[in-house]
Structures are given as C-alpha cells and as structure tokens.
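Structure in structure tokens, see below.
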Amino acid sequence: MIDKNISSCAEAVADIKDGDTVMIGGFGEAGSPIELIHALIDQGAKNLTVINNNTGSGRVGLAALIENEQVAKMICSYPRTANSLVFPELYRNNKIELELVPQGTLAERIRAGGAGVPAFYTKTSVGTPLAKGKEIRNFEGEDYVMERGLKADFALIKAKRADRYGNLIFNKTARNFAPIMAMAATNTLVQVNQTVSLGEIDPEHVVTPGIFVNRIIEVTNPQQESQLVKSGVVYPPMRTKVGE
Amino acid sequence: MIDKNISSCAEAVADIKDGDTVMIGGFGEAGSPIELIHALIDQGAKNLTVINNNTGSGRVGLAALIENEQVAKMICSYPRTANSLVFPELYRNNKIELELVPQGTLAERIRAGGAGVPAFYTKTSVGTPLAKGKEIRNFEGEDYVMERGLKADFALIKAKRADRYGNLIFNKTARNFAPIMAMAATNTLVQVNQTVSLGEIDPEHVVTPGIFVNRIIEVTNPQQESQLVKSGVVYPPMRTKVGE
Amino acid sequence: MNQLADNTNKTNVEQQLGWNREQMAQRCAQDIEDGSYVNLGIGIPEKVAQYVPEGREVIYHTENGLLGMGNTPNDDELDVDLINAGKKPVTAIPGASYFHHGDSFAMIRGNHIDVCVLGAMQVSAQGDLANWSTGAVDAIPAVGGAMDLVAGVKTIYIITQHTTKSGDAKILPECTFPLTGKGVVSRIYSNLAVIDITAKGLLLTELAPGVTFDYVQSRTAVELINTL
Amino acid sequence: MNQLADNTNKTNVEQQLGWNREQMAQRCAQDIEDGSYVNLGIGIPEKVAQYVPEGREVIYHTENGLLGMGNTPNDDELDVDLINAGKKPVTAIPGASYFHHGDSFAMIRGNHIDVCVLGAMQVSAQGDLANWSTGAVDAIPAVGGAMDLVAGVKTIYIITQHTTKSGDAKILPECTFPLTGKGVVSRIYSNLAVIDITAKGLLLTELAPGVTFDYVQSRTAVELINTL
C-alpha cells in the first residue's frame, strides 16, 4: 500500500542531516513552504547548502533558517529583496557562501539534475563574469557555457492538492520551482493545502506525478510570509538576534 | 488580434519546402496527425528529414509520406512495427537514410532543441554502437555521451483542444512527443479535434502554451490509422505502388 | 558465438525444462516490492504484473507517457489514444498521470523508476545486456526505449529462456551481439534458475523444480557460483 | 568610467530633457507588434504594457511561470500566489497558462519570446549590456533572469535615461560594469532619442522633442550616425 501522507512537518524533516543539500521551492513568498522550513529550524540541521531563487525576507521562513546559521551556502539567482535583512549581513561578514546563478540556468540545472543529465550547454552568461572558470564551447559558430545538473538530498515544496500517491497540482505562479525540485531531490517533502482521494485529480491535470514525491503533509491554512514580515514576526519566536 | 486558426490542412502545410526538417507527433497511431500528413503528401515537398518515433504503418499517414518518396532521412527510435511495410523496403534498397536514436535520447534532444540547449550529456547508449563517433565524457566517475539538440522547420502534431492563442490540451497517451516537438519547431502546425473560446481551457491545465503554436486546424473527426490499415486504404487513393 | 557442445535436437526439450513463461513471470513478480515504480518490457515481462503478490501496491510506468497503467481494457473501454509502449490498448488506474515523452524519459534517465523487467538475447558475466539487435547486416535496426531504460532505471531484471532456440548459451563471458548497456543487469530469471550478477561473479540463488546446478552450469558459458 | 566633460550640476535638468518616463515607455510601446510575446523588466519597462496601441493584441510573459499576464489586480482580486517577476500582484487574462520555471526559461532560452524590454546601466557600441551589477566590492550580487532574457529573447529593447544621475554617459565604446550579455541590444529608447545598434554603428533614428542631434552626441561616448 502506498500512502505518502505523514502526520507532521517535524516528522517530514526529521532525517535531514548536517551538510545536506536542500532545495526549497518558492519565488519570493509564492510557493514558499514556510511550515516545513520552520520545522527544519526546530530540527536544527546545520551546514546546509540551500537552493532557492532568493534568500527569504524578514525574519521568518528561509530568512530565519539563514539567520539561525543553519545554511553554509546559498545557490540562488537573486539574494536581495526589499525585505531581505538577514542574508546581506551574514554575506558581508563572510559567514555564508553564495553561488550566484542566472535564474534560467538555475532552473535548467535543477531540471537537468532531475532528468539524469549531468551537464548541458547554454548561451546564458557567455561573456559575463558568471561564466568565469566554466567551459566555453562553440556550436555552429555560437559560444555556449557548460553548466552542471543540480541534485539535492531533500526538496521542501508547497502544493495546492495531493493524493496519497503524491500526485500534485499547484496554485497559479506558486508552481514556479516546485515541479523541477521534486524531480531533482532524493527525498521530496511536500506541504499541501488539501489532500484528496485517488482519482480526484484528473490524470490529465497532474503537474507533478507521484513518483517524484516522498512525503506529504497537509497544512490546511499555511502562514503567509508577507503577513508575518509585516507583523514583525520572528521565527523561532523567542529569538531576538542571531546567536542569542 | 491573435487568431492562429486557419481553414484547411492544405493551407497549414503550404510553405513546407524541399529539404525541410519536419517533426511529426505520435507514438504509433496515438497522436499521429494523419490529416496534416496527407496534406503534406498532396503538397509534395521532397527530400525531407522526418523526425518521429516510428516510420508509420500500412500505406497511410507517415508510411504513405515515405512511400511517396518525400523523405530522404528518418530520425527515429523504432522503424519497425507489425504493419511497417514501406520503410524496410526503401531502407534495404538504400533509398532512405536512417538515424537511429534511443527513444529517451530522441525525446531529450527534441526538448533540448526547443529549450535553447545545443548539447547535453546522457548515460544512455554509452558502451553501445549508438555511441560510436560521439564524444564520451566522464563526470564523477561515470561515462556519458554528448548528444545534440534537435530543431525542425515544422512540427505536425495533433491535440484534443485549442483556443485561438494556440493553447493545447491532449488526450491520454496521444500527448507523447507533441508538446516537445511544438517547442522545437520554427512553425508548429496543430490539428485539433475541437477549437474552443479563450478561457475555456483552465490556465492550470494547459499542456502546451500558445507561444509554441503557429497554426491550428480543426479536424473534428480525424481518421484512425489502424482502421485505415485494416481496411487496406492507400494514400493517395489512386496509387497502387511507389512511383506509379 | 558460444555454441554449447551437445545442442543437437535438444532445443525444444531444453526450453520446456524448469519454469514455463508464466512461472518465470510469477517468480520475478515475487521480487517486485510494495510501493515500487515498475516498467515492464514487451513479451514475458508484461506478464509480471498479473503475478505480483496480493497486498502489494505497484505503480506501472509506460514510457509513452503514463504512470499508473492498469489492465487491458474491455472492448467497450478501448481508446486508441490510451496505449502502452508495445502500442497495445491499456487502462489508467485512479491516481494515474499523463505526461509528454520528455518528462517520461526524465523519470527513466533520472533514476526515478525502481525496477525494469526486460527480455534478453545475451547477458554477460559483467551484467552487460544485448537485447535489441543481432547485428545482422540486413536487419532494420530498432532500439526503442531499451537503452534509456537500462541506463536509467535503478534495478534491471531479465526474464529469458536460459538458452537460445538452437541451444546456444545466452549467458556469456562477453556478449557477441551489439550491447544495449554495459554492466546494467542485476538478476536473471531464466526457465532454469535465478542468477544474481554481482562483483564476485554470477550467483545461482535458486533452481527451478527438477533442475540441477550442474545442468544449469552446462547450459551457461560462464562459471556459476552455487549459493544453495 | 567615461565622464562627460561638463556634467557639473546639470544632472536634474538633463534627465528632465526630452521624454519623461511615461513617454519613453509610450515610445517603446509603438514598436511592440500585434501578436508578439513580450517580457517586460521591472521599472519603466513595466509601463510599456499600458501604452501599446489599441487594436494590437500582445501576450505578456513573466518568467516566474505565467504567459498571459494581465493588469494589476483590484484589492478584492489579490492572490499572493499570482505575482510577476518583480514579485508584485498581477492577474491572468483569459487564454493564459501557468508552467514551472524549467518550462518558463525554456521559452526564454529557446528563442520563443519576441521582445524583452529592460533597463540598463550601460550599453556598448556593440550592443553589450550591463544592467545587473556595478561590480562594487561590497555589493550583494544579484542577477535574476536578466542574463537568460538577453541571451534568449529574439529582440532586446532598452529603456534608459541617456546619462547617469551624475551625468556620465551610459552609451559607451565598451561597458565598464560587468556584462549581462554581449552583443544583445537591438535598440535604445532614452529620454533624448531612439538609437538602433547595427553592424554599421549606432544609428540615431529619432529625437525627442526639443533635443538636437548634437546635444545627444555630446551626451554619448560613442559616435552616432544621424539618419534623420
């Protein structure tokens, strides 16, 4: 019997280890699996490499994970946002490593990792500092840069609906990186707004087939990052500053 | 105003030129755009390179296009089927070239062509005759073969439903190669069972976004290849043998 | 070609020894674990699905774009647009999903499918598989998805007659036919025995009823290690 | 840095000459053809959408996974899950589609988007673009989708003030800031002029009202070809 539902976010993230690579879905707050991230903060795994388009905002979610000094390295395309407080400070103090990747190259590297492609060529970044040190190769008179597939030990993503096989559908632009991260991770953990019975998701509409999903946690009313930031919420609640 | 609907298959294929590369959707008869192929036979463009998983069956559709000696080269994974009569004879007589590609490599090459990736690495075919002459490269102790993206001048595909922007949905396993071929061709021609108004296809359910589609032809009751083969139908009807 | 010494007129008898086609499929099915994602090749491998022990839930993948393939349809359920990789009509179970060929082979190439069961022309001592071409000059070469499956699926099981129709060994020091993949096979279910391909060599782990180790060894062009 | 000779205290006056931000967007919008697929960068480029001439149907792509982006929503339509690449709330038009980041950048990288309008820090005579980093040592580098867009979209339009706030030329023989892409820009819409980047050189094809060719040339560190 296949039933990927589990009972808590804590159980979902229990076996993430120090040094693991963790992909986290979301583009800004859309699709950010904030309850799973908070469970990972409670769990405490350190020295993580985290892959996300951004670095979070305020002092909740991904930003809080970074503030809690669990992240040794970020792989992302845009580590600055209006409310990004945590990452810039740690970065300037050399307390966190950054691998800056163009957004489309990041997406394709993740998709390649999930599709069993160890490397591919792209025109993106040719002639720029982000191609430095990378192999350049000419095909039909055009230069391309070789980029490597990205895999992860875990992916933490958010979806709208799941069945017990792990078939997923998403809500609007909250889909973003989740389907490709689900493919690229050994263990894909999904918080969903709603779990449904087998057959309730039309096979034609499935976005992420269950084969790419390992654990499902129903979080009926997920918190909204922007609301938390606006309210000045800090996670975990007792902390006022890094290290205290 | 964007309206990709046109009035006939003949109009759709009118500008296919001698020597063009044409991707044709379908896996066996599922998804085979038989009316578009027959229009291409009527149109008569020669010396085509055709990309399809197979080589058709009987003497209709793709097999008829081949029998009509319009195809100089086939790129496919499986040129034999139970009712494949035409290709084997031409192949044995050196009248048609074959590039044999593993099915998954074929799919990924098409996807790469559509995604702006000129080349990628895959483990598929390493150590086999199909890797001969190709670059082998080692990543993390494993050998991979370099494969090139595939593009086409035209793609001929079949879908279930389209709106005037060209958004497509498909029927079951008739989806197969169509979405990636739509991405990889300069001109994607689609025969659909039904055209609908904008908004009738849920944006969450669109499989092929309209940006990948150029022309739509409604063919309400498409012919079924297996029925035609069973009935001994030959296209064009007057022909009894190649060249007559 | 590795020709066995005494193969004259033994063919039919030999292929009828031990397990028949159904029993080979049945034996293989015992090793398909609950919750696995499985791709079954055309022919005997297809039969594995009907013998998976009750209580195990297995999801079948067909590379033409369906996860959750069900049984053969009744005539009234037939849909020419719902077929398997062998181009035969199938059904979809509740909880199935459709996807395009790019995504389907991403599942395969990306190591997401747990088990693939295939037939074989030849298997080498190192687990090399030849199952797509005899290399004959006049043959129309056709590979389909076989090379992708053996390169990408986590575990490859082979179901095959132990020898060819003319009595030639199919388990050889090296394949003489063009390869499908190198070092890809984990286990062979033949009509005579179950054989594991390991770094230590070929381990015979099970004999079909009425078959002896020596007999299997005499039909195999590689030294077997008897674990019984 | 290419410093213009007489830039002292001219800054604000200079940036107010010719077209204002709305007018630059409006001018650019005239060149967005009916039926095009368009990606608009953050800032002034976003404004282009509201000025596309009536009767033209244009489909807007946002790289975070939406084709068919509509207007800014009313408060009662707000959905935190429906945003653009600038992370602002948007709507979806009838005929829109959602897709994941892999597919979204396949559209970009695969040359499927017709036009992308972006801002610029510097543009070179060869159409090199610098718009993501000043190269300052203490800055947090952030590139987003800019490099993918300039590498993959068929036509790149730039909307920019002709000079920097301090009066430095932004159109230069070579960019001094780190590049976003080499030889990617087709046309510049500045507050002073419309300039095409061609193999023959920089063609000034249009002047903002009240601006002379000589004035534009004096604000440009590359020789311009006057086509008027």
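Residue numbering begins at 1 within each chain, and the chains themselves are lettered A, B, C and D in the order written.
Everything below uses one rule, namely that a contact is a pair of C-beta atoms (placed from the backbone, for glycine too) under 8 Å apart; a residue touches a chain by one contact, two chains touch by 3 or more.
Computed from a prediction, not measured in an experiment: that's the story for all the values here.
With steps allowed only between chains in touch, the distance from chain A over to chain C comes to 1.
Computed from the mean C-alpha positions, the centre of chain C lies at a distance of 57 Å from the centre of chain D.
Rounded to whole angstrom, the centroid-to-centroid distance between chain B and chain C, based on C-alpha atoms, equals 30 Å. One simple way to say how far apart two chains are is to compare their mean CA positions; for chain A and chain B this gives 36 Å.
Residues of chain B in contact with at least two other chains: 108, 111, 115-117, 122-123, 170, 172, 203-204, 207. Residue positions of chain C with contacts to 2 or more other chains are 66, 92, 98-99, 105-106, 108-109, 152. Taken pairwise by the contact criterion, the protein chains fit none of the simple patterns, being neither a path, a ring, a star nor fully connected. Every pair of chains meeting the touch criterion is listed here: A-B, A-C, A-D, B-C, B-D.
Contact residues on chain A toward chain C in their complex (touch as defined above): 1-2, 111, 113-117, 163-165, 167, 183, 197-199, 201, 203-204, 206, 209-212.
Listing the residues of chain C that touch chain A in their complex gives 34-35, 37, 55, 57, 59, 61, 66-68, 92-99, 103, 105-113, 152.
Looking at the complex, you find that chain B touches chain A at residues 108, 112, 115-123, 137, 139-140, 142, 144, 148, 169-170, 172, 203-205, 207. Listing the residues of chain A that touch chain D in their complex gives 27-31, 53, 77-81, 87-88, 91-92, 98, 100-108, 110-111, 122-130, 170-180, 207, 224, 226.
Across the interface of their complex, chain A is touched by residues 62-66, 79-84, 87, 92, 98-102, 104-106, 108-109, 128, 133, 138, 140-148, 151-152, 178-182 of chain D.
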